[in-house]
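There are two complexes below, and they share subunit A, which is joined by subunit B in the first and by subunit C in the second.
So, the complex of A and B:
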C-alpha cells in the first residue's frame, strides 16, 4: 500500500512557505481546492463538578458526534486546570429554554428583595446602621 | 542493581515519550477540529512531561547529565526509541492508530512498573496512571467511532492499522538485559508486555469491527532500541533542537 507518510514528507510546489514547519506540511493548496470538507457536528453543553456532592456548573460547549466523544473532549476543554471530580454533558438540543421574548416575566424579580433569604433577619440592623451613618 | 540494564530501560521509555510527544505536537494548531486539537496537544504535552520525569530519574539516580541535555544534545545514534514513534504524523488516521497502539503498550508497561523494585520508577508509574488512562480512553473512543463511521473512515483506519502494525511490534524489541531486569524485579520484560498488549489491542480492534493484521516475525521493524533508526528521526531531532543549538548553555 501507499505509505502514510508520502503526502507529508515532500511538497515541492508549495503555495505558502512559512517559518513554522507545520504550516508547510499542511499543503494548503489542497485545502483551497476543496479537497477537505468540514462537516458540522452537534453541540453538547458541558457541566463541571469541582467536588463530589457539589452542584455541576455550566462551563461551555463542545462539538461531538456521540456522548462518549463529547465527554472525551470536555475533559481537555474544561478540566485541564484546577480541580475536577466529574463532568456532565447534555446534548444542546435536549436543553429547553424560554423564548427570549418572554424575558419580561423576570423583570420585577430583582425588586422583590423581601424574597432574599437574609432579608428579615438583618433588615432592622441594616436600617439602624444606615440611620446612624446617614447613608 | 544492574545500572546499565536499568538505564537502557529508562532511556528507551523516555525517548519513546519525547519523540511521540514531539510528533503529536505537530498537530497543534492544525488538528481536525478545535476540541481535538486541544486534546491531542494536551496529551502530547503529557508525553513530553513523562520523558522529562524519566530523564530526571536517569539524572538523579544514575548521575547522567541534566534532562534538557539528555533530550536535546544526544545524537540520533544515542536515541533508543522504537521506529513507530519516529514516523511522520501522516494523515490523522495514522496518527490516531499510532496513538492507539503506542498508548496501550505504554499503559500496560507502566501498569507492570507499579511494582518495580526501582522505587522512583514505581512511583512515577503510579503518578502517571490517570493521565495515561485518559490517553487510552481517547484512543479507544476514536477507534470505535471511526471504525463505525463512514466506509472511508473505516477503510482508512484499517489501512493505517495494517501499515503501523509491523512498527508497533517493534516497540517490544528485546534488549540484552531482559533477564537481568526480570530477575531483579525492575520490569517484567518485553515478551510479557507484548503478550498482554496483543491480547488487549486485539480485543478492542475486533470489537470495533476491524481486522487484526497478522505480521510475520520477519516483517517486524526492529532496530530502534539499538540505535538503528528510520530516516525520519534525524530530521525530527534537527527540528526539535534547532533553538537549543543556537546556545546550548542558555538559561530558560
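So, the complex of A and C:
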C-alpha cells in the first residue's frame, strides 16, 4: 500500500491572519512539515436502543481502538438527542453475514404463505356445512 | 457543490466511455429503476463507485471544514443560549462529517486516505466555506441560508440509489432542520432588533449573496452532463433546478423582513424561474482552485489538527488489529 506521505504536498507557507484569535495563537508552521504515517483505528458497528423494551437497531459505525472508546464515541455520535436506553458496539470484523450474491436464498420465503395466519380460511366451509345441515 | 457532482470534460469522457459486463450492468440498472437501493456488497460499475466516493467524500470534507468558520464564533457568541445552540450545531456538523466518511468507507476508500487527500488538495470541499465569518450576523446568515441551501441539496440526494449515503443523509437532514431553525431565529432576531443589528445583518447578507448563488455549482449551460449519473441516481437534479428551488424558498423569507439582496436583476419570471445578475463565475473558479479569502487558513487549520494530534491516535493504535471495511 502506498504511504500516506506521498499525498502531502509541501506548499509554500505564509503566515495566516485569522479572524479567530485561537487560530492566530497556533504555531501552524511548527507542525506543517510533520511526518505522515498511515494508521487506522478499526470500525465498530453501533446498535441503539431507544426505549426499555424496544429492539436495539443498527445505527452506524464508529472508529475506535477499544470497546470502551467505541462506546464513548457511539454516545457522542448516535445518542446526542432524543431518547436512549443503551448502546451496543460490536467489532465490524466480528460480524458474520451472507454475501450479497446469496440474497436469492430468501427469494421464495414470501411465497410460503402456509406459514401465515391468513392462509387458513374456514368460514366458507362452515357456512356450507350450516346451510346443508340447517344449523 | 456540496454533495454535488461536477465533472470536467475529461472526467465526463472517461465516465461515458466506461464499459462494464453487460449482464451485470443490466441487473444493476434494473434494480435502480425498480427503486431499490444498492448496498456495499453488491456488484456495481467501477464509475458508479468512483463518482460516489468522490461525491460523498467531498460532502464529508464540507461538513468538517464548514464547522471552522462557525467554530470561530463559539467563544464570542452574544449570550449563553446562542452559545449552546452554536456548540450543538458545530458538534452536529463534525458528526455529519463522520457519518459521511463512514458511508464513503463502505465503498472501499479508507478514512485516513480521505483525510490526507483533503490536506493535499486532491479532494475538494464546498466553496462556500472559503469565505470568512466577519461578524456575529454572518452566523445568522450561515445558519439560515447556507444550511437552507445545504438542506435543498441533501433532501434531493437522500433519494439517491446508494443505501449507506441515503441513510446518512436522512439522519443529517433531521439534524439540519434544527440548524436551519436556530439560524432563522438568530436571523429574525437581528432583523427585528436595533438599527445597528439590522445594518450588521444586511451587510452580512450582501457578503453572502454571491457565494450562495455559487453554492449549487455552475449553470447547466456550462457544466458537463452525464446521462449515466442521472440514470444511476447519483445525480438527481441539475444545478440550476436546485438553485431555483433555493431562491424560491428563501428569497421571500428575506423580503418579508424588509431586507434586500444586492442584485437589481433578481426577480422571479412568469415561468417560475428566478433570474439573477451575473454572480461572477470567474470568482467561483478562482476560489475553487485555491485562491479564495480563506482557503489557506482552512487547510492549514485542518493540517494542524491532523498532525499535532496524530501522536494521540498512534498511542491508541492496536498494532494487532486489522482494519475491516464497515458493513453498512
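Definition applied: the second predicted complex is superposed on the first by the 73 of 135 C-alpha atoms of A that agree within 3 Å, B and C clash if a C-alpha of one lies under 4 Å from a C-alpha of the other, contacts with A are read in each partner's own complex, and residues count from 1 in each chain.
Please note the rule applied: a contact is a pair of C-beta atoms (placed from the backbone, for glycine too) under 8 Å apart; a residue touches a chain by one contact, two chains touch by 3 or more.
Values in this document were obtained by computation on a predicted structure and should not be read as measured data.
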Which superposed partner A:100 touches (first subunit B, second subunit C, both, neither): second
Partner chain(s) touched by A:89 [first = subunit B, second = subunit C, both, neither]: neither
Partner chain(s) touched by A:46 [first = subunit B, second = subunit C, both, neither]: neither
Most subunit A residues touched (candidates subunit B, subunit C): C
Contacts of A:19 with subunit B and subunit C, given as first, second, both or neither: second
Partner chain(s) touched by A:69 [first = subunit B, second = subunit C, both, neither]: both
Partner chain(s) touched by A:80 [first = subunit B, second = subunit C, both, neither]: both
Contacts of A:58 with subunit B and subunit C, given as first, second, both or neither: second
Overlap of the subunit B and subunit C footprints on subunit A, listed as residue numbers: 4, 7-9, 21-23, 26, 41, 62-63, 65-66, 69, 76-77, 80
Residue ranges of subunit A in contact with subunit C within the complex: 4, 7-9, 11, 13-14, 16, 18-23, 26, 28, 31-32, 34, 36-43, 45, 58, 60-63, 65-66, 69, 76-77, 80-81, 92-93, 95, 97, 99-100
Of subunit B, residues touching subunit A in the complex: 26, 28-30, 33-36, 38-39, 42-43, 87-91, 93-94, 134, 137-138, 141-142, 144-145, 159-160, 162-163, 232, 239
Parts of subunit C lying in touch with subunit A, wherever the complex brings them together: 39, 41-42, 71-72, 75, 88, 91-92, 95, 98-99, 102, 105, 110-113, 116-117, 119-122, 132-134, 167-168, 171, 175, 296-297, 300-301, 303-304, 307-308, 310, 313-314, 316-318, 321-328
Partner subunit B, residues of subunit A touching it in the complex: 1, 3-5, 7-9, 21-23, 25-26, 41, 62-66, 68-69, 72-73, 75-77, 80
